[in-house]
């Protein structure tokens, strides 16, 4: 069964056997929202799923018992709803969907559940979800965005100035060029950097003190925030490999964490 | 753009243009649950998505403006939770997810939304969803299972006796052989027919008077209800084509229904 | 106490004694909504209650331990709210009310709970309720509309063409003439048949492939869908007796079903 | 149409005509719970409905436009659930049911809605409901228990000492003897008075400073709190007439209150 | 530790030690709403907290183990929202906050929880809360307004006629003069008495038969209902002392009530 | 009115006047939870409130129109519930309380609402709240913890190594020594540093890649995480002044932000 990491392709007796190995279960979580004129709606779901599957494949090859569920493609994206095609759940429903996927897995005995995110707007909710899963259901899950494991690599890799990595940006465009070049139209990629109070964050790598909310319509006419023009397919491939490597390392580590023995799963 | 029916691959300006053609939007709805020893967990999501994309492709070729969203793979499957790997949402969350995808589409101006289902257990909820979408949000959507359009064809096609088409059965196994033969293990397919009071339904094509609930564990040791042994790849392909044809015909018809002009979308 | 089937007329010590006989508990579920110019708002609640009480009386006489609760008269009727006097619950509240009546009965030890419906618009919700009662509370209940047990008899009985039996129709008018002739004004009864796409259902006895929603205002100026003009008191009495007989047979059968021993009632 | 006060017996065109007279709409609210060894489960629902219908009949005869809905028989009775046969809704569902009946009526144009209660345990919730109906939906409704209008008459009428009027007591037993003597078994009526801290209420007519909660099982082995032995049919009839007279007077007064013109019904 | 009654000033090991003495826990509950031109927004929260802390201090000196939590200052005040500065929770949130404070205390072992209220509009909800805490969570709590223990004293003390004690009135103004005279501007105090149907209550000490709802804007231009002009600091001090004495007596009594041994706390 | 920044001490006419100056409204948000053996339960609520009031006082003196509500002392603290005395709301109730305070203020016309937090565990929820307030209610609010404005100052100030600033730590102990020295018992202060995977955060000033959840019981026997032994009153006063200065600067800046003119408040 080596190399077979998609849970969707398992039969139930195969899952039953797998559970004896105390496997890691990965839930990729994306979103479905505008990414400017040059990228399709599927970016966040696609990248979360691709990085996870590739990293799981690698961890699996190195001996880690691991499966990846299909990607939850319905994210929390109210700030993109002024752009046609964007889909959003409300915050409670988003948390309920991801949480109930996790609870279903825990019900069957999975005890190493990682929710790996591909959309910044989901992250407060996923962090909170690790809390409600634990305090209300006794399920210990981990949550992170796929780039969180490679922030140092990302800082080294980037060529744009501060502000270049936010949305439909240098990073996402490069990763799309690496994985689905047929869906990227670089001719339509135009940079757009924010000019806001220093109290707000202006780049994925430099946050601000204050949280507030705005529609992307107010911030960018194209829907882009960042510098996609810096992206190339070659650099995208390098970044993709770096991110996969870091995530695979986390999966392997996660598989060895002390198991929560007093865990009482109240699914 | 002819033939490009996946909404996920559109940019937002492309969606904006498409909306001028009053397009049909299709939301495939599946589930993620055990399908016996011979079929993988992904059957319902995969079949709903495949039939929809193929039928939309055909309708598109014939001039219908149409897009298909990614498949909502998280269904309502509490009756399968005794079998490892099955994932379920509770009823409220399931309805919220599908409903909010529909409401997001309506928010952008889609007025012809079809929710096409691949899992029997979802259907009460989807029918009810057409009501709450309309009475609470002013959105007129349609719901059906992909097989509902081809019941006559299915009756002609079948070789099994009554009871042979229910779950991981003659129909689903044949359709999987047609579309993902690599994921079907016919050696492990064994038939299992229900022997229950006539008050209950015993086959997709012959319901009973009374609704009740049971865990599949009580009904079938393997998780199969029906006669997968009758399935062959060739017959699967024939059935798949018949179903696609009927669904494509519905999409084309749906695109011509009188538009609900007094519709006030309260997303 | 033979013949005393109304739970409302029992004292609690009488209920305690009755429970030793593993009785059937019937919850009639109706609605409160317009029924054209010739029938009162109470039709659905009245008919559900009358058929249930009469059938329970008969089953009781034949030795079945059985009680009937008062009728839940508050149904799910948003599609009738354009007609004065109609009352509706939202879907969640409707399910909560019927479900909590059932849970109260289960709490006391009733293990054979039948929810017998008199309003088509309730049926998706009642079917779903059998699922949530079972999967969330461990309570196995049965749900059906009173006519579901007599579809064959109804097909034989009818004189109208397809489309004649839907709402305030040949069937309901006849049953009201049989049971409350003082509340029927045949002078004001006028037929109205739907002329819709074949994808939709057009008669209680012939459904369509697609579920959608509409206000009755759009479908019928009088609120009638069907052919009440075919109804007579004599034919109504015959139909009423046939339906009572079929429902009484179900109650007697239901009382003998294997009892769910592993049932853990989590009211 | 004089004397016809049951809304259930109206057709929708009759309701439409009635609404031109700015009628009072009465919603009787009861409960379904144990009432000792000598009274049936239906007491609260029956008495609320009977007093309301009789009082409305009288007000109608005196020229008040008025209708009475069927009784909401499902009350808030968790404190009775240790006694077989009792049915309870949870607090949210109870408020939702009564509130949605009121909102349905307001939707059609009823502006004088009175919720008349027959079960002490409902009253906090009904009072709160008048607030949420007004502050959340702009609907001004009135709520009271049927005895609230006749507290002075009740004090004169009683023969029992303090503690004699609480539950299945002198008052309720007498009113049942007046209206459904066939359902009262005086041989099984036994008195039971509370002996509690003065901080608690001990009688319908003398409350205490502190609210707390207890199961009736802790308070009374029979389920009775009060002195049913004082009840006679003759005295019951006198009390019933007094209560009907006071309630009819309220209905007539209610019909003349200044209409809330700025009311914006947000049903 | 004598005299130290503020729970907020305890460390957790101190609370642990205190719990061995089976202490009373008091939760003061206020509101934040307009109180006319002469009193600040904080009146209800301030008075509930002050009376509770002073009474607890006194009970503590007399040997009762007791602590007081910080005051829940967010009340249910939709009827004051037409006056700037008023803050309200909706009814569900109000009940959830107070209920979860109580459940947190019960979780640690507190078994004598008193919710002492300072705002009339909260009281239906607090009474209901004692029910849901008990029936849903097995927690027996007590609820009362601080004046409920001193109704006789209040009747003796008052100088205003009926109608003088309602809101920002003789009582509240006097108590504020006693405790925060710096925040009272008697020059701006003007009396306003209601002139309403006898069916409604017109004074804290004389209720009416019927509950209904209204905005204070409709009832009083200044926000005052009552006769603040009768208030003096001296009389306020006398009333404050009387109320503290009565509440301290209740706390001492409450500490001796039989402990609910079968209590199963399901926090 | 200069210097009067407590909203609680305002009358409603004073608030009405203030609103003409487009004032900042500050909602301090705390928690009520164990802080080791040496600090009381009130730390988070007290510090959030103190820093806010002092900073608002200073901003007010410099001409900024500003008020501070009472502190919401009920936080999200499930991870502390193993330590007696801790109080927690669930996540939905916490968000509802703070959100409804903000919505009440917005209802009256406040358009510059800052939620200033004193408990790390609240922050995901407050960030999410800025989103739901904006996307669901059209209210643009800002959220931050009081230390977020002074991270640079804090880094300079600290003497402990990484791990010394987390909970009941060098920072909180110093700030308590500065503001309520009577409630600090330095004899009982003992340091406790985490020794966890680098994937987790180990200090307020250095986060980790992964979010997960644990009870403080698992992490620290005393409830302390950090190095309180480094705290002194003198250093605490310096830090307090620095934090107040930075927050006052934010308030002054916040008062000048472009006002959201298209804001449609849907409270």
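A, B, C, D, E and F label the chains in the order they appear, each numbered from 1.
The criterion applied here is as follows: contacts are C-beta pairs under 8 Å (C-beta built on N, C-alpha and C of every residue); 3 or more make two chains touch, one makes a residue touch a chain.
Which chain is which protein? Per UniProt: A, B, C, D, E, F = Creatininase family protein.
All figures in this text were calculated on a predicted structure; none of them were measured in a lab.
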If a chain touches subunit C (Creatininase family protein) and subunit F (Creatininase family protein) alike, it appears here: none
Identity of the chain that, by mean CA position, is farthest from subunit D (Creatininase family protein): A
Of all other chains, the one whose Cα centre sits farthest from subunit E (Creatininase family protein): B
Interface with more contacting C-beta pairs, comparing D-E to C-D: C-D
Type of subunit E (Creatininase family protein):subunit F (Creatininase family protein) copy interface by residue overlap (half), same or different: same
Subunit A (Creatininase family protein) and subunit B (Creatininase family protein): spacing of chain centres that average the CA atoms, whole Å: 27
Where subunit C (Creatininase family protein) and subunit E (Creatininase family protein) are represented by their mean Cα positions, the distance between them in whole Å: 49
Mean-CA-position distance for subunit E (Creatininase family protein) and subunit B (Creatininase family protein) (Å): 57
Multi-partner residues of subunit F (Creatininase family protein) (at least 2 other chains): 90, 92
Category of the chain touch graph - line, ring, star, complete, other: ring
Residues of subunit C (Creatininase family protein) that touch subunit D (Creatininase family protein) when the two form their complex: 7-16, 19, 32, 34-42, 45-46, 69-70, 72-74, 81, 83-90, 92-93, 96-97, 100-101, 104-105, 107-109, 183, 185, 188, 223
For the subunit B (Creatininase family protein) and subunit C (Creatininase family protein) complex, residues of the former touching the latter: 76, 78-79, 90-92, 121, 124-128, 130-136, 140-144, 148-149, 151, 197, 199, 209-214, 250, 253, 257
